[in-house]
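Since the structure comes first, as structure tokens, the remarks are kept for the end.
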Amino acid sequence: MAEGPRVDVEVENKRAAEPPAGTAHPNTCPGCGSHYREDELVKALRVCPHCGHHFPVGARERIRQLADDGSFVEEASEVRSADPLGFFDLRPYPERLVEAEMATGLGDAIVCGRATIEGCPCRLAVMDFAFMGGSMGSAVGEKFARACESAAAAGVPLVSVSASGGARMQEGILALMQLPKTIGAVEELRDSGGALLSVLAHPTTGGVLASFASLGDVVVAEPGALMSFAGPRVVAQTTRERLPDDFGRAESNFRFGHLDAIVPRPELRPTLARLLRLFSRR
Amino acid sequence: MANEAELRLRERLSKLGGMKLLRGAKVSGEIERLEKQLERLRGERGDEEIWRSVELARHQERPYTLDYVERLLDDFFELHGDRARADDPALVTGIGSLRGRTVVLVGHQKGRDLKERTRRNFGMAYPEGYRKAMRAMALADRHGFPLVTLVDTPGAYPGVAAEQHGQGGAIARSQAAMMALSVPTVACVIGEGGSGGAVAIAVADRVLMQENAIYSVISPEGCAAILWRDAGEARKAAAAFKPDALHCRELGVIDGIVPEPAGGAHTDHDTAAALLGDALVAALAEVESLDPVERRRARRAKFRAMGVFATA
Amino acid sequence: MANEAELRLRERLSKLGGMKLLRGAKVSGEIERLEKQLERLRGERGDEEIWRSVELARHQERPYTLDYVERLLDDFFELHGDRARADDPALVTGIGSLRGRTVVLVGHQKGRDLKERTRRNFGMAYPEGYRKAMRAMALADRHGFPLVTLVDTPGAYPGVAAEQHGQGGAIARSQAAMMALSVPTVACVIGEGGSGGAVAIAVADRVLMQENAIYSVISPEGCAAILWRDAGEARKAAAAFKPDALHCRELGVIDGIVPEPAGGAHTDHDTAAALLGDALVAALAEVESLDPVERRRARRAKFRAMGVFATA
Amino acid sequence: MAEGPRVDVEVENKRAAEPPAGTAHPNTCPGCGSHYREDELVKALRVCPHCGHHFPVGARERIRQLADDGSFVEEASEVRSADPLGFFDLRPYPERLVEAEMATGLGDAIVCGRATIEGCPCRLAVMDFAFMGGSMGSAVGEKFARACESAAAAGVPLVSVSASGGARMQEGILALMQLPKTIGAVEELRDSGGALLSVLAHPTTGGVLASFASLGDVVVAEPGALMSFAGPRVVAQTTRERLPDDFGRAESNFRFGHLDAIVPRPELRPTLARLLRLFSRR
């Protein structure tokens, strides 16, 4: 599976969500070495039945896991990345975009739309790490902001599922501006009485952690998810500190007070349904 | 996916390559002097000129926040501490009188000698620094004092304790706090505007940059190390992502450029401060007549419009 | 000072000694059942009865916050962490549905066995606990969810780290946060209401006490150690400062008394929970029709009026 | 000088502001042993010219140090303590009140009024540790609340100088209620656009630290001032922890982020004047 460059200085060195191509088959569990057929893994919500390791989940599959069957209607799919800087490193940015789209079948690193979960209406904004490392450029920011507006207009909560290496470097300063842009959209959603339920999948780092993903009325993470502003290797290089074993992991963040809960994937749908019921009752 | 899909994508690719640079946000009116300055700067800016900004923005004689404070703010009283855990010296907050008017100041602070640099952590704040900033913002809002922020950081500190204490969340919340303020706010990047650690205190009604400041999503070295796999290609990276003031202005990310003395702010701190003071006062004047609710609405709308994307 | 001044003071002293017990705050209307309960309790309450409240309030089988949560709140979701430093298990916060209506809950939590007691620090919160509480309060205010607090603590934890992290300031700010809320709020002392650590989460529109709860400025043992120089005189101290519900009601400090099953709440957790649920819902109903601004004004006025003093 | 009983379990064991009677003459510096005449100490603002030790200052003398000559006009002096519980420990509470009044010449542990500092109008609320350990009962709470209201009505900042062992146990639960009472008064002052400038003198502990004293728009302390919720001996007894040398002191609190500044007494008047200028300009 193609992996986008991870694109934020703060996060480029994090453990990839899956091992580099060639190291191991993606359906081999890095936790216990068990190997699964694709259909087995899909049925198990991509959680290793043997050791509980949470494999990465793409945006479309995540939506299938969470939303009631047939309830999802995509919104803002027409929003696509442009190339405002004419960015060219070893290859042109548009080429990377095309490659990511071909690999994932997605227009960009986030999929948004309306859905119901156990019958409770909501809006979903689900990121996909496989699209250029889940990096946030103008298109991701715009789609997230529109999801906030759609939720506010409908008077329903927004559920975000993040998986991102941070801001998309190829859009330069405009990528950084997606932080305040998405935050302003969350603030507007709040002012309308709406709620943001934020789910952090592995990894949620850099500019996404430093913007909407941290601002949920409720913030939960999947077990083992890395959630740090700077990545472990950057921290180790910069500070020459020895890192704790669970540095930046959900478990460490829970201990330090940054998470409301760590929710294993099989419990995610009922947990979100419970929260939607609570945030819908007045 | 078949050949047909690939063809469709190739077509889109060619379109994207030909797109013109757009302005993400409406550029607001500016005072005449700044326009002239801009005029002088305008035109194709070479890669060398961009790199010169990077060097000047990091010049070790460049004025830092407290250099401006002592020249611009009377009766300055520094506010210390986050009321929870620590006082972060990499980020300074305080109250002072800017040309007769009480304002709250928030700014990153680097050190000039080695000892001070270490103490100030090279201007790289911990979450505690951003929490102190939020406290100062709340004080401004409570008393109707305008907020002035000065941005000058390589980035938020990437350390174990900083992560444990919630660096990402603190940066997010600081931006949210600025989004919610009722008072007039102005931010100016006076040196390095490095990534999340910079924008954390730069969500203002008016965002300015000094002529030789830089504002970027990543450092040139960091970008080069990732994309060129060679930190030595920093010049190439800077030329590619264009962190200089003029390009930030063109992209609609900032509202104005603050002139520096010829040769750069480091050549004449007093003149640099006077020019900065003029720009801050002018920027506040532009927004202070607005109703607080309208001002906040306009602030959000400004950032809401930032970004360049296509609609396929 | 001469004899004359002394005489004047002696005269004042004799007047003070004869002063009647006053109500500091207007006692609000109550539902009939509670009035009957009060009636039963009224009359001269002996020192032995006060001491019995002290013992029952601390009874190790007495229901704690989470015992009530599981019986009263559907869909309960616990909120963890102060978003800065830690998650304090001595103080529980969460969202749940109280008889069909979403509320935010904040409550101290003791442990029943040794391990749990240690983990919960005997219900003695750190500043981090109060910061988590403030976060939950802000969530309630943002979404218009009523706030329910359950008070059950010997006091805020007196430890080195607790002081270093700002115990005094956290308790002050938690009270200020409750003073500022727009939503309806009700607090109930369900066991020990110990000093600052208790009032930190008890600044509510309606403050209730269970029949056998105590609410005090100091523990009986602490008071005895200071004033009688003998902690063994705790009964005498309790009799002197009267921490029982009836006296708190008489002094205008609480708005109502929540009945317990005969023999005390520990004898029947389910009935105790049902009675508490009735009282919480009734108390919220009393204040929810008020305009938010008026409700906050009334809350402040209630506490503003507390206290008994002379005007010489 | 008579010392009231320190009256909060949290604070009863703190180092007294001065050594117990008989141990040393009150004008002998506990820092360096120098001895001063009373008029020398008054002139030196009760700061040891030799070692900088800050001796305690009574409320009236503090007001003379801070307010412009002749500007102070006392308010709410008619508010006095009552005895709502008929409190009797080894002696009746009213007897303790009378004794404190005789020893200090004050009606209770706080003096409030209007004043100017370097020409800037303000309200002052100054506590006196010598009156029953600066403990806060109903009278102190009422006088402080009235000072807030007076400041709000005049549109000027309130300057508080606290020195207190905490809540006044002899008033039982009513003493505890002075915490929310004074906090509500500060909130009302704030809503009127007013400011609270809080100065913590040695010691500011228990219920006073846990209420208005911590809520200043600006909070400063005198050097060496103890400011803790629980006192050092209580902490040591409860936790069996070894206490740091500067436990609870202003210097420690500054380091931990709880103070805007530590202001030596000779700088206090000009510092307050500066802040009054800032908070008066709009």
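Here the chain labels run A, B, C and D in written order, and each chain numbers its own residues starting at 1.
One rule holds for everything that comes next: contacts are C-beta pairs under 8 Å (C-beta built on N, C-alpha and C of every residue); 3 or more make two chains touch, one makes a residue touch a chain.
From a predicted model like this one, the values you see are computed outputs, not experimental measurements.
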item: Required minimum of steps from chain A to chain D, each step between chains that touch; value: 2
item: A-B or B-D, whichever has more C-beta pairs in contact; value: A-B
item: Relative to chain C, chain with the most remote C-alpha centre; value: B
item: Where chain B and chain C are represented by their mean Cα positions, the distance between them in whole Å; value: 47
item: Intercentroid distance (Cα basis), chain B paired with chain A, Å; value: 27
item: Centre-of-Cα separation between chain C and chain A, whole angstrom; value: 42
item: Junction residues of chain C - those touching two or more other chains; value: 83-85, 165-166, 169, 173
item: For chain D, residues contacting two or more additional chains; value: 256-258
item: All pairs of touching chains, each written as two labels joined by a dash; value: A-B, A-C, B-C, B-D, C-D
item: Interface residues, chain D side, partner chain C - complex; value: 5-10, 12, 78-90, 92, 94-95, 97-98, 101-102, 105, 107, 137-139, 141-142, 145, 167, 169-181, 183-188, 205-207, 209-215, 227-230, 234-235, 238-239, 241, 243-244, 247-248, 252, 256-258
item: Residue ranges of chain C in contact with chain D within the complex; value: 1, 5-6, 9-10, 12-13, 16-17, 19, 21-22, 24, 155-156, 158-160, 162-169, 171-173, 175-176, 179-180, 195-196, 198-200, 203, 215-219, 222-223, 225-228, 237, 240-243, 247-248, 251, 253, 299-300, 303-304, 306-312
item: Chain C residues within the chain B interface of the complex; value: 83-85, 127, 131, 165-166, 169-170, 173
item: Chain A residues touching chain C - in the complex, by the definition given at the top; value: 190, 193, 195, 217-218, 254-261, 271, 274-275, 277-279, 281-282
item: Touching residues on chain C, where the partner in the complex is chain A; value: 75, 77-87, 95-97, 100-102, 128, 132, 139, 142-144
